[in-house]
Amino acid sequence: MHPWVGAGPEDRRHILSELGLKSIDDLFASIPAGVCVDGLDLPPAKDESWIRRTLGEMASTNVAMDSTPCFLGAGVYRHVQPSVVDAVLSRAEFFTSYTPYQPEISQGTLQVIFEFQTLISRLTGLDVANASLYDGATALVEAVLFSHRVLRGKRELVVVAETIHPMYRRVLDTYTRAAGIEVAVVSPGTDGRLDPDTIRKVAGDRACCVAIQSPNFLGIIEDLPQLATAAHDCGALAVEVVTEAVSLGLLTGGGSFGFDVVCGEAQSFGVAPGFGGPHLGFFTCSPKHLRQMPGRLAGETVDEDGARAFCLTLSTREQHIRRAKATSNICTNQGLMALAATVWLEAMGGSGLRELASSCLARTEELKRRIAAIGDPWRIAYPHSPTFNEFLLVGPASGIELVEQLASEGVLAGVPTTDWGGSWPDGLLVAVTERNSAEDLDAFVAALETLS
Amino acid sequence: MSIPEELKYDRSHEWVKTDGDAVVVGITHYAQDQLGEVVYVELPEVGNAFAVGDELGTLESVKAVSEFLAPVAGEVLEVNDRLEDEPNLVNDDPYGDGWLVRLSGSADGQDLLDAAGYQEFLIQESA
Amino acid sequence: MKRRAIRSEPLFFERNSRRVRRQGYLLPTLDVPEVTPSEVLPPELVREPDPHFPDVSEMEVVQHFHRLSQLNYAVDEGLYPLGSCTMKYNPRINEETARLPGFACLHPLQPQSQIQGALRLIWELEESLKAITGMPGVTLQPAAGAHGELTGILMIRKALEARGEKREVVLAPDSAHGTNPATATFAGFRAQEIPSADDGTVDLGALDSMMDETVAALMLTVPNTLGVFEHKILEIAELVHSRGGFIYMDGANLNSFVGRALPGLMGADAMHINLHKTFSTPHGGGGPGAGPVTVSDALLPHLPVPKVHRGDGGFELQWEDPASIGQMRGFYGNFLILVRALTYIWSLGAEGLRSMSDVAVLYANLVRHRLNGAYHLKFDAPSLHEVVFDDSLQTRHEVHNVDIAKRLLDYGFHPPTMSFPLIVHGALMIEPAESVAPEEVEAFCDAMLAIAKEAESDPELVKSAPHDTPVGRVDEVRAARNLKVTWTPEEET
């Protein structure tokens, strides 16, 4: 017996006799003996007290981000977590419900998806957004494959900025290898930004897309209008990847500058860092390419009485109908995380999001100013390039060593680039958000001074 | 069930009408009935060439996708642009305004059925 | 039945129509000098405020989502007999453990000494899934079942490359879920359909003629999508392996035999497990899920990176491995979903897991017993955890499976899976899962039998359903023909 198995021993006996069977084993007679076992090599059932104690101990051996001044970014950001977000996420009507294939009893979920699509669309400047993808890295993959499809497979080259998160590029390689698509990587200039003419040279007339990230891996903001033009001059689609979604609170999304796809990671919108997942991939594109877009889509319609209603639509793009010719194989996506983002954004409001982004900017500028004031042996790697809330810091040791040293001074100072080398120095990516108070900045600066 | 006398038919439920030295192709009343309400039609590019039996395009309903095939070999001369905004024409007027594609090529010498033959075929299919 | 009124809820963008300033959240006080964005950012890139992104107060947010939630049916409300979805109870203790700060507030790139507990959790879940499947290797990276399928197929591809072979084709039965052929195509293979025999299982003769040196793998769901076990599984595996192919197993139906049989003994080379099905992690209205993949010795070297290693000094992440297929997504997996699954597995224990499958199969057979005769059972073979009926007895009254589904909503149940698998026309795929009490299963059967009677005596009532839901039957044709996927203000349309 177990609380999570609805029938007790007496119930089973009763049902078996109703079915005219002697033993439950009779129901498994169709399984050949050669694959059967008597039981599993696992411990016996554990009660809640044991679970709370054991999992609690396991969790407490980790160092939670909030326990110390924290400046970690590189694709996962620490922002405010309004209490209403988790309160809504904990409603059983949302988290224990299924994909809304029966719209008549899923209008809650469907309207949330519609609102999410609208919010993301307005932030990115492109008219169509899907209901979510797994994460930012796979969103980049989908954008590249989408571009390949839109150009009908006639162009086999993909141009990718080196300053897209190296982990995203590793993931992209896994998929492009399988699809037989060639990838050309473009390095940034000495200012950490891409040069549109270099893009044109590399893309030539063979690229199906040019993918860039802004703010990029180094935290630097790219010249979006020029990069879109460069891509289009070569007949390629322009793809913008965003890993810090809060940047869209102050920076215009690439859609307004002609980008054909804006995609990436929306974890900053109320999704817990959660040691890397579940997070929230997003994807937006122009309506003219809608039929090539992967993922689920909610649409507005009416019911038989003419009342407004929402439903999943254009399902014919998807795997369960189009099968071998589907735009992607994605089925289950990140629905509950899209709900989290929707609650978070609506709680912030348009003004609140802007204020939050401004707060990130102000604190980042202040920290950069104070680091510059210390001088040797610390320097901002790209002091003249515009950043939002993240920058590369170089110091007297390798990034990995600096992280350990600064951690022993009580500061989680940043993410080392030591193992993610490229056309940039070995250092620390420092992210500053509205969660970093003046005391945090003091602690950071003090730690640097101690190590100087 | 409507099966106009003057048209020819193939076994994947397309109809063919001779129009000078070209042919016009669409799907039959039976086919649109099976498909349900058409929400989108994917048509081929003008200028592309197709062999007999090649997939010319697809018809989408809410829950399914169906291909329609080339009943004769030929090059696409014209497609029915109205279907982009009015895909329902395929359901409402499958032999008239719901036409799909105009192909160069001829219905002669092809293994096509006449109206009676198609009717027979439908009866056998549902048996 | 009386219900209280639920107001229809406007869109967020329709609120605060005068667009006045309200505050939804109090941010931390700005204790550093303010900065003018256009002075430090390229001014042409600075966003103009969006007048149609309104501000609302906190209570408005709470009321908005509360009212929306009331429009949803959920597992907590009642039975969701969706075949192949395994809609079981989502234990609340899972929600507690997943919210422990040491898990939820952990950055994936913190120094290794700070994340030992998280790495340990991954390792423990890996070990548990290996024990449950009897397979020697596993990856927890994939974000969902379909993602796991792709991972498995890519590992197969890599194994073939390592052997110096290039095979073009992947076989999947006509009863397979659409993700199977979609995955094969995505991975660069050609998907080929293999027909089912009369009892709904794989036609061994067809497999014999199709299985040659061009075939990389056979994708099989076990038991299949009819709830029928592939009783010839050992012959199938032998045939495929002896001709150099691999067996990919779609584990969507794993809930039917945990503790009774091991995929490792069935010849599976790669099998994905849906944690949001078999292992109780919540469906969330469309995810997040997780699709770990267990592998045989043959595919072990090709598991994705990064991998978790357990050494004397603790746990560490290994990022490089030339034999690996690479990385499939950012970081390590849907970690907080993994926390829930491990909580579930440890809570149930060996015997609990076995009784979970026992009762899942028992309930499905109870449904089969009660509904057989009133609904048509196309395939006679024994059902495990799900049973597939079709609507052929009802279509003579012009009532179709869609109508039956909509009428079930009036009885307070979510409908079964419909129109799948494709080999059963008008299908109704019913999987009760093991969590509910027997009374709930019986009540569902009562409702289905009542509807079968209505189909005969009053078909219009069924065809015009639903009558008791927040909205009436939704016009999905119009949604597709007149596409509207975002709200737009008057002036922007």
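Just so it is clear, A, B and C label the chains in written order, and each chain counts residues from 1 on its own.
Keep this in mind: contacts are C-beta pairs under 8 Å (C-beta built on N, C-alpha and C of every residue); 3 or more make two chains touch, one makes a residue touch a chain.
Since the model is a prediction, treat every value here as computed from it, not as a measurement.
With centres computed from Cα atoms alone, the innermost chain of the structure is C.
Among the pairs A-C and B-C, the greater number of C-beta contacts is found at A-C.
For the pair chain A and chain B, the distance between C-alpha centroids works out to 45 Å.
Distance between chain centres (mean CA atoms), chain A to chain C: 20 Å. Computed from the mean C-alpha positions, the centre of chain B lies at a distance of 38 Å from the centre of chain C. In chain A, the residues that reach two or more other chains under the touch definition are 321-322. For chain B, the set of residues touching two or more other chains reads 40, 60-63. Counting only residues that touch two or more partner chains, chain C has 476, 479-480. Every residue of chain C that touches chain B in the complex is listed here, in rising order: 419, 476-477, 479-481.
Looking at the complex, you find that chain A touches chain B at residues 291, 315-316, 321-322. Interface residues of chain B, counted against chain C in their complex, comprise 37, 39-40, 60-63, 87-88.
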